[in-house]
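Note that the chains are named A, B, C and D in the order they appear, and that numbering of residues resets to 1 at the start of each chain.
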Amino acid sequence: MKIGFVGLGGMGQGMVGQLLEAGHDVTVWNRSKAPVEKLEAKGAKAAESPRKLAKSSEILITMLPDDSIVHGTLVESGALEALGKQAVHINMATVSVGFARGLAALHKRLGSHYVAAPVLGRPDVAAAGKLNIIAAGESAVVERITPILEAMGQKVWPVGEAPELANVVKIGANFMLASAIESMGEACALNEAHGVGRDTFLDIVTSTLFAAPAYQGYGKMIREASYTPAGMKMAWGLKDVGLAMQASHDSRVPLPFGGIVRDSLLEALARGDGDKDWAALAETPIGRAHLDKR
Amino acid sequence: MKIGFVGLGGMGQGMVGQLLEAGHDVTVWNRSKAPVEKLEAKGAKAAESPRKLAKSSEILITMLPDDSIVHGTLVESGALEALGKQAVHINMATVSVGFARGLAALHKRLGSHYVAAPVLGRPDVAAAGKLNIIAAGESAVVERITPILEAMGQKVWPVGEAPELANVVKIGANFMLASAIESMGEACALNEAHGVGRDTFLDIVTSTLFAAPAYQGYGKMIREASYTPAGMKMAWGLKDVGLAMQASHDSRVPLPFGGIVRDSLLEALARGDGDKDWAALAETPIGRAHLDKR
Amino acid sequence: MKIGFVGLGGMGQGMVGQLLEAGHDVTVWNRSKAPVEKLEAKGAKAAESPRKLAKSSEILITMLPDDSIVHGTLVESGALEALGKQAVHINMATVSVGFARGLAALHKRLGSHYVAAPVLGRPDVAAAGKLNIIAAGESAVVERITPILEAMGQKVWPVGEAPELANVVKIGANFMLASAIESMGEACALNEAHGVGRDTFLDIVTSTLFAAPAYQGYGKMIREASYTPAGMKMAWGLKDVGLAMQASHDSRVPLPFGGIVRDSLLEALARGDGDKDWAALAETPIGRAHLDKR
Amino acid sequence: MKIGFVGLGGMGQGMVGQLLEAGHDVTVWNRSKAPVEKLEAKGAKAAESPRKLAKSSEILITMLPDDSIVHGTLVESGALEALGKQAVHINMATVSVGFARGLAALHKRLGSHYVAAPVLGRPDVAAAGKLNIIAAGESAVVERITPILEAMGQKVWPVGEAPELANVVKIGANFMLASAIESMGEACALNEAHGVGRDTFLDIVTSTLFAAPAYQGYGKMIREASYTPAGMKMAWGLKDVGLAMQASHDSRVPLPFGGIVRDSLLEALARGDGDKDWAALAETPIGRAHLDKR
């Protein structure tokens, strides 16, 4: 099957690498050229434009940063209209619920198929083929593309027929990540103010009750207060929390932790931490304790 | 060494069971008699009063619910004054930072030794000897009693010389648990409002990013909306979050998640869920979404 | 001077009434016709379309509900392009900061003048000519139109040259209103749970420390738990708080009260209070106390 | 009637001044002597101890800072026991609900009468005799002492028979003050980040929607960023918000704004603003916006 892949950031590169290793025929497109060349060296082909790529793909996978870039690259460019009737567009990005609904409607009108398949895992996980992939779309189509998803991830989690359901799960998971980071930050502030170092405290909790990838990965950054290079920059963290707030607004679901983590991210950006990993939002509650003035 | 043990709730019974299995000489006291008889059957001896028990113990372990019960049982009763000069009091309960400081000062005045050793784990973990034990006190004393602690837990985590440090770590860990429960509740509300069942959502996140005991244990209760019998009742959850709020107040450390989880617990109690496990605080954000009215 | 007025809701009708009383020559347009006829009876003329009205007006005043309706009625319709070079558009609606900036840029390009002049006060205040009007735009232009604004309000408050400044002030004021309502709701919940009726409590505070229009007006609704007919519906309240959250997001200013009132409004909408005045957000904290279960 | 008055801080001095002007026979006691001498010059007599003062008073008025000082000065000292059977103790301080209940029970046991009569107003208002006084206690007793209260205030607000009801009203009013200050701080942060000075913004809102003593008094401090000398220090503000949080906890009433203002006060204390008026809590949200880094 001819696979097209659009969006070769840290995540996309690892995912295409896995597809190539599994022997798939992959043609790629990316705004900047360096990652294209890197993947050509591993056996990928390069496309001239998203539109041309769409035209020649049976499966079009996209891994783009946000609603507006997806819209520009696929909708405004005419790429989706160029897809064949039997083709499947697999959108693996974290987009908003509203945008996911709109894309699904557009595909319906065009006669092409749409599967939302956002992923859990950061670039190192993608490169290792260990992503968890949440998939939603017509079940026959999801079944058909599952082998391709499995080439990129350790497990596929189907969650229903309406594509936006996968996005809701992903948005909920990222909201929980943000909450986990905030709660580590607040607990560290409390411990440090009493004389227990964050290293000691986080070592204990992330080895025991919270011995999970989310806590151990972000916990390590917080323990070392080392947030560069950023796996996911602050602004993207704010985007993801923003998606949760938007979904909460549109569905009339209060989200008190959402308001708090939003504010911690805004304060981090306001103090100049925009280039750091979004885990640096943990420094907001720590900073508010003004430990240096004690 | 002669060990005295006061406080035979769900946690204490499991802990004494482990001490007996390890071959220790244990004498127990409890306000109600049933658990005493159960442990006598396993080889424990029974004391007439906390004071008499203290008098004859080289190591006095206490596992009592809160500051006020510890104060009544050990201080007002004269038990601590009856302890020998070389004896060690190991307080394994979750008490406040202020109370921990006061107890340490009292022991210093009396000439006895004091170690704070709160634990991570619920009754089933205690019964299996798999607790994680956070210990703080004079390092020579902590070292001396470590074999006893190891009989009750899988690992001992020393955190410093001042006993209250262990309590701060424990209070911080419980605050993180409450935050984890709240974040699951909010994320489930968001998912359910969009048509993704809590079972599906929690299965995914607790199998992947949040594959940790805290999330899996509490996540199971939330998935099944089954909160009885309570491992830890709502009121004790509120007590623990209250300890975090108190420590935050006394040390001037803002704790925004603390305010939110406090309110979720208060609302749970107000609506009549006082007999449920404190994990039912997750139903507060779900209830606020009024999903039944959609 | 020929004045055109677009948007004859509860606010707009009162404002046009004042302009007519002051002897101005006013032509109006509104989507539905009833209010147009009512004002024709008082001496207003009727226009066929926003575009035709714009073409013939020296001053074009608009009082429309939100960004999207302003955009549709004035921009997409071509009305703004039809304005003469010396004409002034006075936008008295509560729009977003971003949209205000966009409109200002559009007018600059078209060569027409733009003044943002949002108002403080509800329909009864507008009908009485007692509005407070916040105005921002080129100072010479603001000065020129001040007599017209004064015909509609008791006082004009100039706040600067950039039109969006007036919108920020208005958004901040509405955010403070929402906060005042929430704080009355929370304080009433606390009082009622202790046996002090909301009527007693609000009578005291709104007669003393909080003897201000905002507290007395909304306080009256809360005292009587009577929220219909709505002066401003819940959804518009959410829109206004949403504008504050958006401005907070875009300018990286944490807004913790914003998160709380947003959630109280969402919960009010979720429980089915969408047709009530937004003051009914005060019932959210009261409902959470489950006073009926005591 | 022989009036005894204990507690001559900024509030008490003004109140005794008013009683003397009204021609009452007042004997005073205070821990430090300077204010006693000042009032002796105006016609007051001085007592040797709270106990002796209680013994000779028909009406014993106390205006002390908090639960613990009231307890020490009146209960531990034996003063209350020295009161005659027909005597009335009027406690005008802001104490906790729980403590108010305890004092009422103690008086019942001793056979003396107890009225809680906390006040709204700061020292300048007390000196001018313009306080608002909230009174609760047996209605016959409240009626009997009303003329005395009226000598100190512009209006007496009876709220019921149980003394703690007056304290709940006062605690609720102070919670609303804290919320008003926080909301001004947040709205100023938002305005300043967009280029509208706090002076301009607060001038508008406190002249219009929020033209009330609470907003104008605190608004003036915020406009001038001038918080010394403190009318009410930060620590007393935290005490008052703490009373609201305690009452909320004990009565199971969630109080989300309470959590936020608590945190703003804690951050203010942590950054070293402990000597400022509690209105400086408004600087917390402003500081979080890091406007100096823009």
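Observations on the model:
In this text, contacts are C-beta pairs under 8 Å (C-beta built on N, C-alpha and C of every residue); 3 or more make two chains touch, one makes a residue touch a chain.
Since the model is a prediction, treat every value here as computed from it, not as a measurement.
Ranking all chains by how far their C-alpha centres lie from the centre of chain C, first place goes to B. In terms of C-beta pairs in contact, A-B outnumbers the other of A-B and A-D. Note on C-D: across the candidates B-D, A-B or B-C, the interface recurring with over half of the contact pairs conserved by residue number is A-B. With centres defined as mean CA coordinates, chain D is found 52 Å away from chain A. Chain A and chain C, compared by their mean Cα positions, are separated by 38 Å. Each chain gets one centre point, the mean of its Cα atoms, and the points for chain A and chain B are 37 Å apart.
Residue numbers of chain D whose C-beta contacts span two or more other chains: 248, 252-256, 258, 260, 263, 267, 270, 288-289. Contact residues on chain A toward chain B in their complex (touch as defined above): 97, 120, 132, 134, 155, 157, 159-160, 162, 164-165, 168-169, 171-173, 175-177, 179-180, 182-184, 186-191, 193-196, 200-201, 203-205, 207-215, 244, 247-248, 251-258, 260, 263, 285, 288-289. Those residues of chain A lying in contact with chain D across their complex are 256, 263, 267, 270-272, 288-290, 293.
If you check the complex, the residues on chain D that touch chain B are 238, 242, 245, 248-249, 252-256, 258-260, 262-264, 266-267, 269-270.
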